[in-house]
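Notes to accompany the following structure.
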């Protein structure tokens, strides 16, 4: 079991409010990702749950029991650090076994569990090596192995993949997700990478400046962002925002439309919105599978458009852009979404 | 940035060191200040009386003070110049491709590990003795009149010994700093068409500015209180020619047993050292932020 | 990246470096040579460099004079004792400042540094009087206490800079793994800090061994370490250069060897981490 509840959790360092009151209910077995720009408080929130920092106010409950004052060692959670934080003087075996040893488990149980974890993570040949003799990916696996042997109530991951190269990151992303499903253990995962958040999470917590902006499934966040911040943070390339008269025409202060919902050189006349934009392509990125166009539209600014496949358009070309009327997001003066 | 529990523990663990150092600093200093206001000679116990700032007046106007201040400044200044100029040269040399660099390094660093009394006596007797010293032999072999170093150039002799002891320190620190200089920076300068000299003046020397400052400050703190080298060679003489402030205070305290005057002198030394310490602490403190 | 250098250049720099190294090392070498000469040869002009009558007589004489061993033992006890005690006080303090820092930690560190900058002559009088009144003059205990306190700031600083390099993450990982603070210290921190603690120990042992202000002023015979013993050769009566050299060689040999091992840490220790 690993149901984690936050009730009005606050954290300040001196006069600085890092977490301004967080309420959250994380269901047992779910994979929750905290995402946000650097300095948004996501790592602090994770460390509060871990018990590595004291809360300034509010309560933290695990399976209904208040653990706010319980030291980290007694919370039954395990953590994978960004730097992996492997014990450099211990072998891989020693690293994975350390938590069990601290818990005073019998020797044969420790041996069995370490072997088991090593087998799952393909670490068996390296059990007697020291961390410095391992590659980045292998170190990452050891850190995960150390977390899983203790059969914790929840895993806490603090940007665990950020030190890996791009290809390895994608592979480990899959492995972590698969492992979590297999073990059916609650996981809280901190990242600044919204792609990681979208691909791994059951539910995402978007944090900004110490506040939870939105809590929902990846698709909810994508399709119904609660406000400008979430709309701009989730999705790549970033959503286009347009203000001024264009927005006012739709009874909004700002409107947003994702690049993939902007049609390039559409056929037919102006659509229902009457919102066709004409501009000059300043940069065209050809990925093969997609084409990204950065179009300078007079009086509106740069609009990003994404077309499937190769569009055969190059910089300097003039193009007509048409946002999909059904997928335009409208925001009020406070940046909150105006529901349709 | 940690939990309450570790904070409390931290304070408990810190306490012994802080308390001991506080006592070590405050008690003797307070006593020095107190003694400096008394007329107090160990040879006349029971005759202590309050004299206000008379000791300071006496100490500061004593010709011996001015002589020793001058000697201190000459000693510190000369040793600094010698060790830093030679230290930079030695460091630059050792930074080159050298066969057996580690052995050369060991030879260069060795004098720093020799206890002051040993180096002073070895230099005084084996090297600088006017009749049987090696220098005397070299000079007479070259047809020159051997020099009686400690009689003719007493302060210079002390400077030579102390500079020999501190050259390794300067060289080692500057070498360490040189080795931390980014090779790519030098290569970039090379690509920009800089020759060896311009590279040294525009890249290397600015890079060494901070380590040189550190060397100056640390050496100064130690050099202000050079004692053993004088104690075993000249005993401050001839006359006052090699008496520095540290030695003057020592002789007033433990030879003339004039506690009051020695304490006043001690406080003068503290003030001089503190002026320098102020700058060093600032440099180290700035480094601590990074 | 290896710099390309010509063979001639390497030859020239190598020769120059060896020459410089030799000149700097020469006084020590000359002393070692003199220790193997007879008193007459040591004093004779022209001096003989290698072709003299090599003898171990001086070492035998120095050893026979039981006071040499006595003073060597004092050096060992005073340097070793003061270093160990300083370490016992400093390890917890440095741990605290490195891993549980508060807003005042930086000021505290700088304050400790500034106590080291207090010139010893400034407090010579009170320390001498305290020692006299408590019967600590010429006692090993007194010297151990003074040298311990004198070097404590350096010990704390060195340990602090070493501890600082241990990633905080690793200690937190241990905490998450269920280690108590005690177990964290024993199983994780100490093994990782051993190299740093060892070099701190070494450097401070060297500094204490060579300390020649307090030892000269506070001890005369009973507790006198080698610094004081060697200084007694400065008296003008009789010329015992060969014996002085033998005694000096014995006094500096262990430190020279320890010092050569610790030279890399030396820079950091003596500059309080300002140069790495």
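Order of writing sets the chain letters: A, B and C. Residues in each chain are counted from 1.
One rule holds in what follows: a residue touches a chain if its C-beta (ideal position, glycine included) is under 8 Å from a C-beta of that chain, and two chains touch if they have at least 3 such contacts.
What you see is a predicted model, and the numbers here were worked out from it, not measured in a lab.
K.L.:
Count how many hops through touching chains it takes, at the least, to reach chain C starting from chain B.
P.N.:
So the least number of steps between the two chains is 1.
K.L.:
Compute per-chain Cα centres, compare each with the mean of all protein Cα atoms, and return the closest chain.
P.N.:
Nearest to the common C-alpha centre lies chain C.
K.L.:
On a CA-centroid basis, which chain has its centre farthest from chain A's?
P.N.:
Centre of mass proxy via C-alpha means gives B as farthest from chain A.
K.L.:
Taking the mean of the C-alpha atoms as each chain's centre, how many Å separate chain B from chain C?
P.N.:
Averaging C-alpha atoms per chain gives centres 16 Å apart.
K.L.:
Need the CA-centroid distance for the pair chain A / chain B, whole Å please.
P.N.:
Computed value for the inter-centroid distance: 57 Å.
K.L.:
Between chain A and chain C, what's the gap in Å when you average each chain's C-alpha atoms?
P.N.:
54
K.L.:
I need the residues of chain A touching at least two other chains; which ones are they?
P.N.:
Residues 52, 71 of chain A each touch two or more of the other chains.
K.L.:
Name the residues of chain B that each touch 2 or more other chains.
P.N.:
1-2, 5
K.L.:
Give every residue of chain B touching chain C within the complex, in rising order.
P.N.:
1-2, 5-7, 9-11, 13-14, 16-18, 20-21, 24-25, 27-29, 31-32, 35, 90, 93-94, 96-101, 103-127, 131-132, 134, 136-137, 140-141, 164, 167-169, 172-173, 176-177, 180, 183, 210-211, 214, 218, 221, 224-225, 227-228, 231-233, 245-246, 249-250, 253-254, 259, 262-263, 265-267, 269-270, 272-274, 276-277, 280-281, 283-285, 287-289
K.L.:
Within their complex, state which residues of chain A touch chain C.
P.N.:
For this pair, the touching residues of chain A are 50, 52, 71-74, 77-79, 81-89, 98-99, 102-103, 146, 150, 156.
K.L.:
So in the complex, which bits of chain C are touching chain B?
P.N.:
Against chain B, the touching part of chain C is residues 1, 3, 5, 9-10, 13-14, 16-18, 20-22, 24-25, 27-28, 30-31, 34, 42-47, 89-90, 92-93, 95-97, 99-102, 106, 108-110, 112-115, 117-130, 149, 152-153, 156, 181, 206, 209-210, 212-213, 216-217, 226-228, 230-231, 233-234, 239, 241, 244-245, 248, 251-252, 255-256, 258-260, 263, 266-267, 270-276.
K.L.:
Which stretch or stretches of chain C touch chain A in the complex?
P.N.:
167, 169-170, 172-180, 183, 187-188, 191-192
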